[in-house]
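Labels run A, B, C and D following the written order; every chain starts at residue 1.
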Amino acid sequence: MVIVLKDQATEQQVAELMDWLHTFDVKTNLVTGVHSRIIGLIGDTTSVDIDAVRAKAIVETVKRVQEPYKNANRRFHPDDTVIEVGGRKIGGGSLSVIAGPCSVETEDQLMRTAIAVKEAGADFLRGGAFKPRTSPYAFQGLGKEGIDLLLKARKETGLPIVTEIMDLSDLDLFADVDVVQVGARNMQNFTLLKALGRCDKPVLLKRGLSATLQELLMSAEYIMSEGNSKVILCERGIRTYEPETRNTLDISAVPLLRQKTHLPIVIDPSHATGINSLVEPMSLVAVAAGADALEIEVHIDPKNAWSDGAQSLTPEQFAAAMKRIRATEHFFHDELNAEG
Amino acid sequence: MVIVLKDQATEQQVAELMDWLHTFDVKTNLVTGVHSRIIGLIGDTTSVDIDAVRAKAIVETVKRVQEPYKNANRRFHPDDTVIEVGGRKIGGGSLSVIAGPCSVETEDQLMRTAIAVKEAGADFLRGGAFKPRTSPYAFQGLGKEGIDLLLKARKETGLPIVTEIMDLSDLDLFADVDVVQVGARNMQNFTLLKALGRCDKPVLLKRGLSATLQELLMSAEYIMSEGNSKVILCERGIRTYEPETRNTLDISAVPLLRQKTHLPIVIDPSHATGINSLVEPMSLVAVAAGADALEIEVHIDPKNAWSDGAQSLTPEQFAAAMKRIRATEHFFHDELNAEG
Amino acid sequence: MVIVLKDQATEQQVAELMDWLHTFDVKTNLVTGVHSRIIGLIGDTTSVDIDAVRAKAIVETVKRVQEPYKNANRRFHPDDTVIEVGGRKIGGGSLSVIAGPCSVETEDQLMRTAIAVKEAGADFLRGGAFKPRTSPYAFQGLGKEGIDLLLKARKETGLPIVTEIMDLSDLDLFADVDVVQVGARNMQNFTLLKALGRCDKPVLLKRGLSATLQELLMSAEYIMSEGNSKVILCERGIRTYEPETRNTLDISAVPLLRQKTHLPIVIDPSHATGINSLVEPMSLVAVAAGADALEIEVHIDPKNAWSDGAQSLTPEQFAAAMKRIRATEHFFHDELNAEG
Amino acid sequence: MVIVLKDQATEQQVAELMDWLHTFDVKTNLVTGVHSRIIGLIGDTTSVDIDAVRAKAIVETVKRVQEPYKNANRRFHPDDTVIEVGGRKIGGGSLSVIAGPCSVETEDQLMRTAIAVKEAGADFLRGGAFKPRTSPYAFQGLGKEGIDLLLKARKETGLPIVTEIMDLSDLDLFADVDVVQVGARNMQNFTLLKALGRCDKPVLLKRGLSATLQELLMSAEYIMSEGNSKVILCERGIRTYEPETRNTLDISAVPLLRQKTHLPIVIDPSHATGINSLVEPMSLVAVAAGADALEIEVHIDPKNAWSDGAQSLTPEQFAAAMKRIRATEHFFHDELNAEG
C-alpha cells in the first residue's frame, strides 16, 4: 500500500498516522521529497482498511499494491483448485458442462430435459427451484418441490445437481444438493456467503451485474475465510450501455482471473447474451478463453418456458452444440498445447 | 404491450399465440400490413411476462407500453404517499433529514453524534449495526449491540431511528426500529423484500448499484404487493465509468420518479459521491430537485471512523450545512412556489 | 507520480529506469522495503507519459499524484476565469443562459425563437448549422446558410451567438461567430482542438458521451496549450445503463470541476435528459450546484422540430422556466451566501 | 415502426399525424383498442426520423422494428462482403492479421518490426503516423514522415499498410495508403466519414468507446451512403466500470454483427485489454467467435515504446502467438465445420 500525504501535514500528524499504521502489524517507509511525502507499507496489508486510510485528514491518496484477498489469491496458492463432486471434477484441465432448464417447472419437463442433456454429454444438471425475478407477478419457482424434483432427476440420470439458493432461511433444503449456486443479485449478500463458508459444499458464485473482478474475489474470500475453499467463480455478463444483448460477456475475465486466483472459472453464455443464437458461439469462445466449465440453459420447449425461454436451447440445439464444444475442448486442451 | 410478429409466422401460429395471450385476461388487436403483423394488447398487462412473450418462436420484438407495477404506480394512486413515523413525516411537502454515523461504533460515539445531529435540526438518526463490507477483514458492525445503542440514542434524543437489515434471519432484532433500511446490495434480495412486505414498518429501499429506475420500482412493488405500502425510495448514486466519485448521483431520478410513483424519494449524497466536500453541494441540489428527504453521514471524528470516514461530515460541518439546507428548503417549498 | 517496482527487478534495471526518469527533469526518491521498492517522482510530472512508465518491464503499477494538466489547473491559476463576449460574461458569479433551437431550420423559425428567448431573458442565442446526426438520412443542418441566419438573428436581437463546428475545414465560416461549440462526439478530435487553440475565440467544449472529467480537462488543455485560454466546459449528461433518460446528468461534476479548474462550467439540461419535462427541474438543480451557465433548447414548435423536438421547450415554457431560474439564481448567489 | 398514441389524442390530431407520416412514402395501419391506439408503419422507414416522431405531442412511445440502415444491412445484401486490397482479402472465410507498432517512431523501429511481423505471417502492416493522445504533452505521431516510412516498409515487405487518419485536412497524405483507419474517437466524426465515403479506398472503422452496435452500423452507413462500400468494422473494447482492463472486449459483437451486416469484422485485442498477456488469449477467442481479422500491436522494444508499450507484443511473442492463431484458424475454419 502506498500512501501519498498532503503538503500541509505536520510532523506530529505524520508520526500519529505511522503509529496507527503500525497497529496493523505492517512496516512503514516514509519518503520525504521536496513537494510530497509518501509512506510505503510493507507486510500483509489485507487487514488494513483502505477506506479508513483514505479518511485520515492528512492523506491525499492511497493505492493498494497487494491484492486485498488471501485465500483466493494465486500468489499464495499457486496450484489450480480442483473441486470434486459426485465423481466429477470442476477445474484442473477438463471442461465440465452444466446444463438444464432455467426453472424447474414440472416433473415431466425436468426429467425429459435431464435425460436429454445427459445423452448429449452434460456433466451436471442445473435447474432453478427458487427464482429471483424482477417482478413479483412473475413465476417465483417451485421451492422445496423443485429441489425434490432435482434430486429425483439426479437419481434417474446420475448427474450431480446445481441449484440456486436465494435466502439463508432455505439452507436446510440444500442438504443433498451437490453444488449451491449464489446468483448475481446475491453476490454481496455477505450473511449468506458467510453461512455458506461454514458448509462443506461447493459454491458456484456468480459475478454481480456490475461487480468488479476484485469484488467477485472478495466475495469468494468471504466464503473461504470461513473455512469452505470449494468456490467456483462464474462470469455471466455485466451490465453495460449496449442494448442488443441482455448483458455484455466479459470474456477477458477468464485469463485475468486465471492469473489472480487458483479457483475454477465458469462461463454462463445463456445469461451473458440472453439470445438463443449466441449461446453456442459464446460457448466456443469460452473454451478458447480457457474456462473450466460452461453453464447452459436447455429447455424441452423454450417457446413455452416459464422463464428465460429466449435464451434456452432445445435438446437438439444443445446436442449439436455439445459436439462442437467437445471438439473445441479437444483442440484447445490436447492439440494446441501439444503443438506448442 | 405491442408485439411485432416475424414475417414467416403462419396463421395457425398466430391464432395459438392469441389464444395464449387471452389466458391473461387481456384483449388483443391484430394489425395485418403488407410486410408485418402487429398484436396490440389492451387491458391490465401486469401479469403478462414479457420474457415469456419474447420466447415465442414467432415473436420478432415486444414493447411494454404500460408500466409493469401497480401498487407503486402514480397512475393508480395520484396522491403523494406520506409516511408517518415517531411523530415525523416523510413525503408530502416537507424535507426530512436523516443523519448519523455510517456505523455504530461505541456508545460514546453514537450518543455524541445523535445529540449533535438533533441540535443541528435532523429529524431522524441513522446508524449501521449490520454493515455490508466488500472485505471480510473489514469491520462488520456491532450487530444486536448496535441496535440496542440506537434504541438508547432514540430514548435520549427522541429521534426515530433508521438502520439497515442485511438478512432476514435478523428481522426480530428490528422489532423496535422505526425505519428499516434495505441496502443497495440487497435491492433485489426478493425473499427479504417479501418478508418486509408482511411487516407494518416503513422500509427505506436503496437503489442497487446498477439498477434501473424500473427495477427499483419493481422491488418496491415486491414489498407493496405483500401489503406494506410504506416504502421510501432512495437514490444513492449509480455505478458508472467515472473514477473521481465513488458513484454518480443520478439527480434526474427525483423528478422522473415523482412522475412515475407516489412514494417518497430520499437522496443520499454521502454514498453518491464518497467525498466529504461534495455532501453539502449535493444536498442543496437534492432539495432543488424536489427530494422529500436527505440521508447524510455524520461522525464526531471522521478521520478515525471505522467505516466511510472520507464521506462523513463533522458535527460542525453538518450544522453549517443544515442552515443552508433549511434555507434552501424554505426557498424552494415556500418562496419559489408562492411566486409561481 | 508513485511507481511500484516488481519484486524481481535487478539493481541495474532500477538504475536504468531512474536514469530514464531523470531525462524528464524530475527528481526521484527510491524507497526500499522488505518486499517492495517504490520510486516517488518529485517536480513537474506533466510531461511524463504514464503509459510509457507502465510499459517498463520492471514496473508493477504507477499512480499519478499530480494532475496531468497545467493550464486548466486551479492549483496554478487560483482565480476563476471570466470570459467576456459581446458585452456579456460567462463565469465569475453571474448566471448566463444560452438558449435557442437545436437546429437552425428557417429564417422565420430562428428569428421568432431568437426574439422569444431574448424577451424571456436569455443572454446568448444558440442554434446548430452543422448537425452531428447518428443517421446519414436525418437532417444534417443548413451549413453556411445556418450561420448567416444566426448572424442575422444576432443583428436583430443583440444576442451573441453560440454554434457548433463539426470539422476544421469549416473554420473560416465561424469568423464572426461569438462562441464556437465543440460537440460531445468531437471532444477528442485533437486536430480540431489544437486549431481552435490558435484562434482568439471562446470555445464551449462539451464532455464526451463517456469521457472522464480528467479527459475533459485534458481536452481543454489541448486548446489552452496552443494559446487560447477562453475555454468553457459543458456537462451534458454521460452514457450509462439507465434507459429512462437520454443520458445521465452528472451533477456532481460541477463542484468537482470547480475544485480542479478555474474555467467556467455550463450545464446542458436538454441533452442531459432528452425529456421536455425534466429541463426546468434540472436547470434549477444546475443553479443550485453552482453552474456558471445553462444551455437550453427552445423551439417555437417542438412537435415539428427537425431535430431534438422531444427535449425542446416552447417559448412559453422557457419564459416560465426563466422566471424560476432567475429567482433561484438570486437565492443562491445573493441570499444564501449573505446569510452564511 | 410502431407508434403508440397518448389516450387523449383527438381524431383530428391522429389524422394530421397520419398525413405527416404519409409524406415519407410509408403506409400506415391504425389499430384502435379500448385504452390505446397504435399506428404501425409499413414500407421503408429508414428516412423516418424516430426523434421527430417522438417529439409529436400525441405520441406516447415509438419503437423501430426495421433497422435504420440499408447499405450495411445483411437483409438486403445476404452475401458477405470481401474486400480485396494489395492482393490480400479481408472477409469471406480466411483470417487476416494486421500487425505492427502503435506509433511509427523511427525508420529502424518500423522496418525491423515490419520484417518481423511479415516473417511471423502477418498479412498487413499497421502503424500510427497521426496519434490521438489524451494529453497534448504526449507524443503526437510523426505525421507525413510516418506515412512515408510506412510506404517504404510496404515496398520492403510487400505488406499492404493500415494507418489512421485523424482529420479530413490530411486526406491527401493518404492517397497511397491501402486501408484508412478511423479511430474510436472519430467514429462519429460525420464530416470525415462522408469524405471517406467519396474515396475508393477501404476504411477500417473502429467502434467508439461507448458506441452501440447500431451506432457503429450507422457510421458505416454514412460511408456507404456516399458510395464507398469497402467498410471493415472493428470491435476494440468498450468503456465499462471494470478497472482491471483498459476496456472490456465485447466478444458477442462478432456473431451479432455477423447476423446484422455483411461487412467484415476485425477484433483489436491490444486496445480491448491494454495488457500484453491478454493479447494472445483474446486473439484465439476472436478466431473462435468468427472474426475476419485481428489487429495486433507489435513493437521491437515494448518497454521503450513511445505509446501503448504495455499492450504491445515483442516480435518473439507475436511469432509464438501467430502459430497458435493459425492453428486455431485452421481448426475453426476447416476441421470444426468439416465435422459438422
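In the analysis below, a residue touches a chain if its C-beta (ideal position, glycine included) is under 8 Å from a C-beta of that chain, and two chains touch if they have at least 3 such contacts.
Computed from a predicted structure; not experimentally measured.
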Where subunit A and subunit B overlap in contact partners, by chain label: C, D
Maximum centroid distance from subunit A, chain identifier (CA atoms): C
Separation of subunit A from subunit D, taking each centre as the mean of its C-alpha atoms, in whole Å: 31
Whole-Å gap between the CA centroids of subunit B and subunit D: 40
For subunit B, residues that touch 2 or more chains besides their own: 210, 239-241, 243
Subunit C contact footprint on subunit B (complex, rising order): 210, 212-214, 238, 240-245, 248-252, 254-256, 259, 272-273, 275, 277-278, 281-282, 284-285, 287-290, 320, 323-324, 327-328, 331-332, 335-336, 339-340
Subunit D - residues contacting subunit C, complex: 46-47, 49, 51-52, 54-57, 68-69, 130, 132-140, 166-170, 185-186, 188-192, 194, 208-210, 215, 218, 221-222, 225-226, 239, 302-310, 312
Complex contacts: residues of subunit D adjacent to subunit B: 2, 4, 27, 29, 31-36, 38, 40, 42-43, 60-61, 63, 65, 210, 239-241, 243
